[in-house]
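In what follows, chain A forms one complex with chain B and a second complex with chain C.
Here is the complex of A and B:
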């Protein structure tokens, strides 16, 4: 089976029509479904948060069969993720896409779990510690995209589960949990 | 009912009369009654509102309402006509439908025949729109030409001259005929002057094209010659089958095919059919199309038919627009062919029995071959296997795609079609390959290649 780095690719990755946006509605819907699954799967294992349409993205080109997705196809597949709430466009021109392989709500739950696991139910932690500290090593939180983290924190703040307080610079931002 | 009095006329599947050799249609009139007005006691039937076709040999009457059902059609051989009465202009004739009367001879048993003891006067009542005077003129012309006497003897070309005469536009015999002695003034006078001017232009044009008419009568001889050669070839191949080798047979068959496609002897023309032109053309086309359609496997491109049909018509070419109109009229008649338009806009003619299922099955078999599974097929691959033109093959592939049977691959290498795997793959587990099924065979075909 073909691999992309550490990522195991499904068989149909070598099926040439997979790389041509299908014009027939039923066929296209199934094609889009398969692409959505593959993109989320890949981003999750590779901890990829942002796909830039104009840059090279390993999934969108298959060197073995010499096929690659057109811009239109890329946008169609990512738009399908956006409409399902599994991705968000980062700009109006649809050039960059934020992939939510966990939904924001799921990220929030992971944060709570992180606080509990590390005895931080009433403690304080900086945002940088969450993203790259030793405590988060080995969890999905490690290396999390800043935008996604902020969205999850805001959601928890609204629920009264924590307070975000600002320091002198963005690096100093901290979180006080009150789970 | 025609009864036993009139010789019956055979009708083709699409409702066109079957003509005798060298018989040519000259004039069409719709909404015509055929009856014996003066003597209702004769066996001559009363035929109501039908299509009257004047040919060089006969006067055919076809029931109009259900022309394709056949059976009830009859014809008066012009040979049986012993006298044609000229039209009496009376006050009464202004108000009633125009009538043409002629005398036919009848055998003692009450059948219309060339040699007979009695005779009856038959009246043609033109209830529909139609140029009655022009019809009468044509009837006279054909009756005197006696084209039926030449039937069988190919050497005489009286029939050919008659054909040439009929082929020329006969507008001069219109409403403003020679007996128009009434002086007209005012606007109608100006109109008449205009008409006369047209007629004189028409005459000079006819003079100029007389050479062409001669050419056309020669064309008919050429058709006859071709027919003769075909028969000769046919008998030749029968008598010495053992001696001729395959190659010679092949070329002979080709020659026969070629000769067969030389001629429709009596093409429907605008001059002869007038307002009924498209209707009659449509029926003739339906008759003609059977053989090429069979050869092409039940579906044929409209453009190809246009070429074949016009080649068969020889000099009386039709325009693409006329062809399209003739084809679209098929919906109204009970004919075994239909015009079909693909989503891409390509138009084809197909038999009603033609089924897409059969084509799809063939396409499916084609894309399921190991090589095609791996590398797909192009339109020209499909054309070779299905035995159709590449453009037609592409239409088949596209309609198979829209049915979800195939899907496409567009790459720098071209436009190819693959069997549709998307439906086969488990959406919940994208790594799963079921043991059996199309997806498994595709994976296997890919592996054995790699």
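Here is the complex of A and C:
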């Protein structure tokens, strides 16, 4: 089986027609389903958060069979993810897409778990510590996209589970949990 | 016998006719008895044989197929009913019912990918994968037998021959001669182009496009516009070798 680094590619990835958006509805739905799963799976294992449609992305080209997804196909697959709440367009022109391999709600739950695991139920932690500190090492939070983290924090703030406060500079924000 | 006039003559004639009839019946009875006896002997020997080679029949697909042939010749169908001697003795009925259920399962699982038409070889391959833990091997002959039993359900399971290959159809799509010829052509590379169909089958372009469009609509074909030469390729998951490795759950 073909691999991308450590990532095992599904068989359909080697079947040329899967790189052309199918005109018949039933076939297209199946095709989109397979691609959606592949994109989420890949992003999760590679910790990829943003896909830029016009740039090289390992899944969009298969050099072995010399096929590449058209812009139309890329947009169709990502739009399908967006409509399911598993992705969000970052601009109106649909050039960049934020991939939510965990939904925002799930990220919020992970944050709460993180606080509990590290005895921070009433504690304070900086955002940088969440993203790159030793406490988050080995968890999905390590290296989390800033936008996604902010969204999850905002959701928890609305629920009164934490307060985000500013430090002296913008990249010095902190979080006070009250779980 | 010369016919003589009078009542006496008529009576004699009637008596003689009765005698002949009796004799005839006797002869016929002896013959049928003999035949019945022979058949019974044959049947009991077949049963003995089955009992003796029970394990071979269960485990060895070639042996199983020959046994089926032998049964067919004497008019015994071990699959006809799940009850009775044969099923009890061999459990063959269950074996084929089980295969049948698994075949239906595989056909349904791969339908989205192949439009309900699957290569018999691929089906067997998937069946074997699924039955990995079971002892005994499943042959294509077993598959065909199980499929023939599925016909009872009226669900439109059918085996069609396209070129050298056998395809199993699990959707009520009717394939006409044109479609069959295209499928046969596609077996070489897994795909065809309009130009290729026109040239190889000497068709008008309208005829080729029409048939390909139908196959596309039925979900049996997928288009591929990604090749360097810019020619649209029509791929057929049911005949192309790549699909043979696609797992049921993918």
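Criterion: the second predicted complex is superposed on the first by the 179 of 179 C-alpha atoms of A that agree within 3 Å, B and C clash if a C-alpha of one lies under 4 Å from a C-alpha of the other, contacts with A are read in each partner's own complex, and residues count from 1 in each chain.
Basically, a contact is a pair of C-beta atoms (placed from the backbone, for glycine too) under 8 Å apart; a residue touches a chain by one contact, two chains touch by 3 or more.
Predicted model only: the values in this text are computed from it and were never measured.
A.B. asks: Here chain A is shared; do chain B and chain C fit on it together or clash?
C.D. replies: Superposition result for chain B and chain C: clash.
A.B. asks: Have a look at where A:17 lands relative to chain B and chain C in the superposition and call it first, second, both or neither.
C.D. replies: Both partners.
A.B. asks: Counting only touches as set out at the top, which of chain B and chain C does A:41 meet: first, second, both, neither?
C.D. replies: A:41 contacts chain B only, not chain C.
A.B. asks: Touching A:174, do we find chain B (first), chain C (second), both, or neither?
C.D. replies: It touches nothing on chain B or chain C.
A.B. asks: Quick check on the superposed pair: does A:27 touch chain B, chain C, both, or neither? Answer first, second, both or neither.
C.D. replies: both
A.B. asks: Kindly classify A:66 by the partners it touches after superposition: chain B alone (first), chain C alone (second), both, or neither?
C.D. replies: In the superposition, A:66 touches chain B and chain C alike.
A.B. asks: Look at A:8 in the shared chain and tell me whether it touches chain B only, chain C only, both, or neither; answer first, second, both or neither.
C.D. replies: Once the two structures are laid over each other on A, A:8 reaches chain B alone.
A.B. asks: In the superposed model, identify the part of chain C that clashes with chain B, out of 45-53, 63-71, 135-143 or 171-179.
C.D. replies: Residues of chain C that run into chain B: 171-179.
A.B. asks: Shared contact residues on chain A for chain B and chain C?
C.D. replies: On chain A, the overlap between the chain B and chain C contacts is residues 10-12, 14-17, 19-20, 22-24, 26-27, 30-31, 34, 66-67.
A.B. asks: How about chain B: which of its residues touch chain A in the complex?
C.D. replies: Listed in rising order, the residues are 376, 401-402, 404, 407-412, 416, 418, 420-423, 425, 427, 430-431, 433, 439, 442-443, 446.
A.B. asks: Residue numbers of chain A touching chain C in their complex, please.
C.D. replies: 10-12, 14-20, 22-24, 26-27, 30-31, 34, 66-68
A.B. asks: What does chain C use to touch chain A in their complex?
C.D. replies: Residues 112-113, 115, 191, 216-217, 219, 222-228, 233, 235, 237, 240, 242-243, 245-247, 250.
A.B. asks: Spell out the part of chain A that touches chain B in their complex, as residue ranges.
C.D. replies: 8, 10-12, 14-17, 19-20, 22-24, 26-27, 30-31, 33-34, 37-38, 41, 66-67
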